[in-house]
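Next up: the structures, one after another.
Next come two complexes, and both contain chain A; in the first it sits with chain B, in the second with chain C.
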Partner chain A sequence: MAEIIIDDKKFEFEEVGKVLQFILDNGMDLPFFCYHPSLSIPANCRQCFIEAGQMVKDRESGEYELDEDGNPVIRWFPKLMTACSLDMADGMVIKTHVTSEKVKVAQADTLELILINHPLDCPICDQAGECPLQIQTYKYGPEGSRFEHKKVHKPKRIQLGPRVILDAERCINCTRCVRFTDEVSKTHQLSIVSRGDKNYPITAEGQVFDDPYSLNTVDICPVGALTSADFRFKARVWEMNQTPSIDVTNGKGVNIDLWTRDNLVMRITPRFNKEVNDHWMPDIGREAYRLFNENRVSKPIIKLDGDQVRSSWNNAFMTVSEKISSVKSDEILLIGSPYASLEDNYAFQNWFNRLGVSDVYFTPHIEKGYGDDLLLVDDHAPNTNGCKALGFKEVDAKKMAKLLSDESYKAVFILGDDLLSRVDIDDSALESKYLVSFATNHTETTKKSDLVIPITSSAEHIGSYINVDERIQRTIPAKETMYTNRKLDLEMSMGRLDHFGTKFDNWVSDKNRVDCIPAWEVLVRIGNEMNLEFNFASPQDVLEDITDKIPALENVSYDRMDKENGIALKLSAPKSVTT
Partner chain B sequence: MNIDWKNYKPILIPAIKDLHKIDVYEKNGGYKALKKVLSGKSKMTPEEVVNEVKDANIRGRGGAGFNAGLKWSFMPKPDGGPRYLACNGDESEPGTFKDRKIFEYNPHSFIEGAIIAAYAMQIQTIYVYIRGEYRDFIDMMDVAISDAYKKGYLGKDILKSGFSVDMYTHMGAGAYICGEESSLMNSLEGKRGYPRVKPPFPAQKGLWGRPTTINNIETLANVPLVINNGAKWFKGIGAETHPGPVLYGISGHVNRPGVYEYPTGMLLTDLINEVAGGVPGGKKVKAVVPGGSSTPPLRGDSLDGVRMDADSLREAGSMMGTAGICVVDETVDMVDFTWRISGFYHHESCGQCTPCRDGTGWLEKTLDKIRRGDGEMRDIDLLYEICTKMEGRTICALADAAAWPVRYALDRFREDFEARCKKTVYALA
Partner chain C sequence: MSKEYTFDKDDLKKIEEIKSRYPEVTPAVMPVLWLAQDKFGHVEPAVQKLVADTLGLPQAHVQGVASFYTQYYKKEKGKFVLDVCTSFSCQICGGYEILDHLENKLGIKAGETTEDGMFSIQSVECLGACGYAPMLQVTNDKYVNNLTTEKVDSLIENLKQGKMPEFESIPMPQHETES
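What follows is the complex of A and B.
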């Protein structure tokens, strides 16, 4: 196998890649700015300098030549090389800043040069705390600057588009954003203008940076030159906790991080998953953070004399159990949801199965032509395949309207879905029925419901979702509800604050907690009321029950989903599950 | 080595009236080389042409001085796909103004050379990249090219040899960096003029990812001379290791500035004192920049025996570059001179690589500080350090081109810098 020596350590490799990527893959550090694994390599920041050489091979014997001391003869490249653009080769010798003083000096030199025209306004810069320039300057940079002249001034606070703001002075011209619009989103909206130390990226005159993936440029910007118009100045990076999760606004199941503070989701950023979304996510998915914070249903809502009023949980549970006892099992219509997690859907199905109701219907939320070539698909819901895997009966909006206006149904249960906004149905048709909806947010459906039971959103519970490519992935609770506690729930994220925060940190806050319960738990509690043998203690229990019953989901577990970044399933024509 | 330059008759730009017209050019032996290569008994294979040019050792006149024939031989074997020849007429280095003379007075020698080069490398498309400020010369080139098409020297089936080639002019838009071969290619492709990372080299992946050779205009104008008279004859002109005629562009403090054609290996003192008529007012020469602003300046008192060829100039501590000689007399303060050159590179840095983008500005601003009389001794050390931070650390050679004039001016004219720095008065409290 081919060998490469990095800082006197020998490594073996099979595939010829770039030296920088190999160094990073093997857990070593090298500073860089312009390089991005999913973009082309311009080698323009000149930060990842290394010394590179080649061990000399004797042509006849094929052995490495040795000098008098028995050390291999190395032919060094005359100049420092950029590791990002250097191809690996058998017998290559690399010296990084760890072993080479020359490299160390060169890296500090480049940083000093980058910083001479950088405004150094970290205290008011949004990027501070997660800024590669800041981090690498602390690690590898010079102690101060010897530049004592006027810095170059460039445009500031330029609204490039609806979502992105440019501060050209902070820009270090790595061209990542330009390459992103050229190579990934292919809108070619950004370009570098002007020359030398006056250049910066901007759109063509009069053009708006309305790329549907524009916020990715904010993520990959190694400084605070591009910032999010929405998130700007709202929170410092170190005040937030970062929790891995799944995008629930699209069927693609983009892997994301939820950034929370005071039980509010402040922003959403993509999380790398090569199989799903690489490093990117659509802007539309990021705006979904509002769904977790605003317009939430908190405490059950019950309709009394035509008015919706808040009620206690006990009252809600009693009402449900009374209602169910008053109707026959074939008078109950069950509607599952492609928006709810696999666990919730399964618990819903399983619970009513025990009462003798076997059919669960659902209506996918598919909008033809909504998707694009990159990450958006036509399916708006994150778990359509989950409903299919559970054997729910798929009906389109028209058929659903027919079902809902069917006089033989006396009670309708809708799980976590704004179904009525998608189904064209007269209010009068619903009047004769008792409508119970399990909901996270106030919607058209909750407005028309006789009883609304608040359930947790994907930011508050553990739940699995099967995306359009039949990949099962799960969420982890990122914010507290009235009934969960960050410190006690081991599943909740372990961010910097979880490890090092004090009780005086504002992240341990009672503010903004929503009074809601996971759907499966709601059903357990009503089941207790009705003496049903329905005893799940955690989503883990629910998932285990699912994996036991559905062959396609065999061996699926949270551990595996976490370790493997989601599991690709093979869902062959699912049969109706009887429990 | 003794060059009988006084009896030298120009061959690149001979003194013939209306030579830019194709009929006059043909009457004076024009396109003979092309006919020799493409038709008749003397017909040469592409390899033979490459070898002849390689043997003649035409060293690139664009600055790097690389053997043109050797460069041609790097082109891979034709695979049926497109291949390109890009002719570099961007000439934006301060002190360089030679290619314009070819465009103006003898465009067909260049066109003929380019067609032969294209034949030698089996190329079907030639781009002539000319700096945008040469508007008039671009128009003249377009006329010359259309004349060549009419006569059948360009286009399909040239001289019934089965070989076809097209030639297009392309106008630059005022960027010095587009004279660098890889950013010239980006500019030709319609992209921003950023130099490309090497490898891959242009011969492997050039214009639109296809094999490409980039040659200077003057280099190609030498090719018909080699074909007509043979490599041996060509090698007999001028310096042994750097043969051929050269267009010397002499500017600065001389009585007769201009472009002069003489063999390589001329004594610098001859060029300044005799060809260009010496320094006005009989003043002393303080400094000479021998090959365009990026080449290290030489001291006026160290010019004895320095010849204009690569070897002699390397020994003297400079380079041949584009043979654009700039003479500076004793009235000039080298701080001002260096600052002005530094300002040019600051303005022209493309901004791609960090060391050049920010280093050029820092150099200019520090030199400006010294120039204004605020300099301190430590600024001299700082200038050296900035140069070290830039040299050899960028994608193209512009950072070197910007750093060398400063470094060598400091080395060779330190007294000027110290004089300015020592004048600075500081308050003690």
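What follows is the complex of A and C.
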């Protein structure tokens, strides 16, 4: 097998890649700025310098030539090479800063040059704490600077577009943002203007940076030159917890990270998944953080004489059990949700099955033409395929309206979905029915409901979602509810503030916990009330039951989903091949 | 407020000819910007947009190219643009004195244009004529070399009468001794 020697250590490799990527893949460190694994390689920052050489082979014997001391003879490249653009080769020898003084000096010198006109305003810069420039400078930079003259000034606080703000002085002209709009989103909206120490990226005069993927440039900008108009100055990186999750605002199931502080989701960033979204996500998906924080249903709500008032959980549970006992099973209409997790949908179905109600209906939320060629699909909901896998009856909005106005139904249960905003139905048609909705947020649907049971959102529970490509992926709780505690729940992440914060800190309070319970657990508790044999103890339990019963989901587990970055399922029978 | 710019049939023909010289469209940006500047006297953003649209390229890209070169005028300029070199060689031979003299004489600063629209001054980097420093260039064209304040004065007088300086062939000292 081909061999490469890096800092006196031998590595074997099969596929010829770039030296920098190989170094990173093997857990070693090398500073760099302009390189990005999903973009073209311009090699313009010169931060990834290494010494590279080739062991000399004797042409006849095919053996490596040795010098007098028995060491292989190495033919070195005359100058330092950029590791990001250098192809690996058999018999290549690489020296990084670990073994080469020359590389060490070059790294410090390059940083000194990059920093000549950099404002060094880390204390007020959003990027501080997650800034490659800051990190590399700490690790590999010079002690000070020999450039003690006035810095070149460039435009600051430029609103490039609705979501992105530019501080040109911080920019190191790595062109990552430009390459992103050229190669990934293909809007070609950015370009570097001017030259020398005056250059920076900007849109063409009069053009707005309204690229629907514009916020990805903020993520990949290796400095604080591009910042998010929305997130700017809201939180420091080290105050937040980072929790892996799944985007629930689109059927694509983009992998994301939820960044929380004091149980508020502060921002959403994409998480790498080669099979789904690479390093990217659409701007619109990041807006979802509001759904987790704002307008939440906290504590059950019950309609008394036409007014919706808050009620206790016990009262809510009793109301449900009384209602159910007062109607016949064929008078109950069940509506599952492409927005709810597989576990919640299954528990909903299973619980009512025990009461003799077998059919669960659902209406997908599909908007023809909404999708694009990149990461948005026409399906707005994250789990349409989950509903299908459970055998729910798919009906369109018209049929759903018909079902809802069917006089024979006396009680309607709607799971986690603002169904009524996409189904055209008269209020009067609902009047004769008792409407119970399990909801995360206040919506059109909850407004019309007789009883609203607050359930956890994807930011608060473990839940699996099957995306449009039949990939099952899961969420991990990022926000505490009134009834969960990150210190006790080993799945939840603990940030600095969770470890060390006290009630006297600015950002520690109990205010942002929502009084809600996972839907499956609500059903367990109501089941207890009604002496139903329905005893799940955890979402894990629910999932195991699902995987036992549905062949397409066999062997699916959270463990596998985590390790394999989601699992590709085969839900639909393979299409018959016509020859 | 912003003017409408268009290429006529002849221009488009020339542009087609330019495009046919290269395997891709991008290299045509520079000569087409040049053509546009010859026609309109500048390549302000509206002209850049015209170039971009004509070539089917992103406007941002064309702006990037146009802004890289000082020779492309991104704003409307005077009839004569005086590019005074203030790079190293000219600087030590009095480039800044020449610039100063010009600024005082025309009553404008580098980067500005006289009210009558006759002259613009720019301070530019090396124009590759270090041997005849200090020097300036008139509207991306003729070089005026070995400048003195008197030479500048007569240049301005001549330009006012529409007389462009002549091309000046200056032999290098080593060649002089040879002959």
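Points worth noting:
Rule of thumb we're sticking to: the second predicted complex is superposed on the first by the 556 of 579 C-alpha atoms of A that agree within 3 Å, B and C clash if a C-alpha of one lies under 4 Å from a C-alpha of the other, contacts with A are read in each partner's own complex, and residues count from 1 in each chain.
By our rule, a contact is a pair of C-beta atoms (placed from the backbone, for glycine too) under 8 Å apart; a residue touches a chain by one contact, two chains touch by 3 or more.
Here the structure is a predicted model, which means the values were calculated and not measured.
Applying the stated clash criterion after superposition on chain A shows that chain B and chain C collide.
Once the two complexes are laid over each other on the shared chain, residue contacts for A:S191 go to chain B and to chain C alike. In the superposition on chain A, A:L523 contacts neither chain B nor chain C.
Judged by the touch definition given at the top, the superposed model places A:V164 against neither chain B nor chain C. When the two complexes are overlaid on their common chain A, residue A:A204 makes contact with chain C while staying clear of chain B.
Legend: residue contacts after superposition of the two complexes on their common chain; A:D109 is shown touching chain B, with no touch to chain C.
In the superposition on chain A, A:M561 makes contact with neither chain B nor chain C. Two complexes overlaid on chain A leave one chain C stretch from 5-13, 95-103 or 167-175 clashing with chain B, and it is 167-175.
When both complexes are aligned on chain A by C-alpha atoms, chain A residues 191-192, 194-195 touch chain B in the first and chain C in the second. Within the complex, the chain A residues that touch chain B are 41-47, 49, 78-80, 85, 106, 109-110, 112-114, 116-117, 146-147, 149-150, 152, 172-173, 191-192, 194-199. Partner chain A is touched in their complex by these residues of chain C: 45, 48-49, 52, 58-64, 67-68.
Residues 188-195, 202-207 of chain A are the ones touching chain C in the complex. By the touch criterion given at the top, residues 175, 177, 192, 194, 197, 346-355, 357-362, 365-366, 369, 382, 388-389, 392-395 of chain B touch chain A in their complex.
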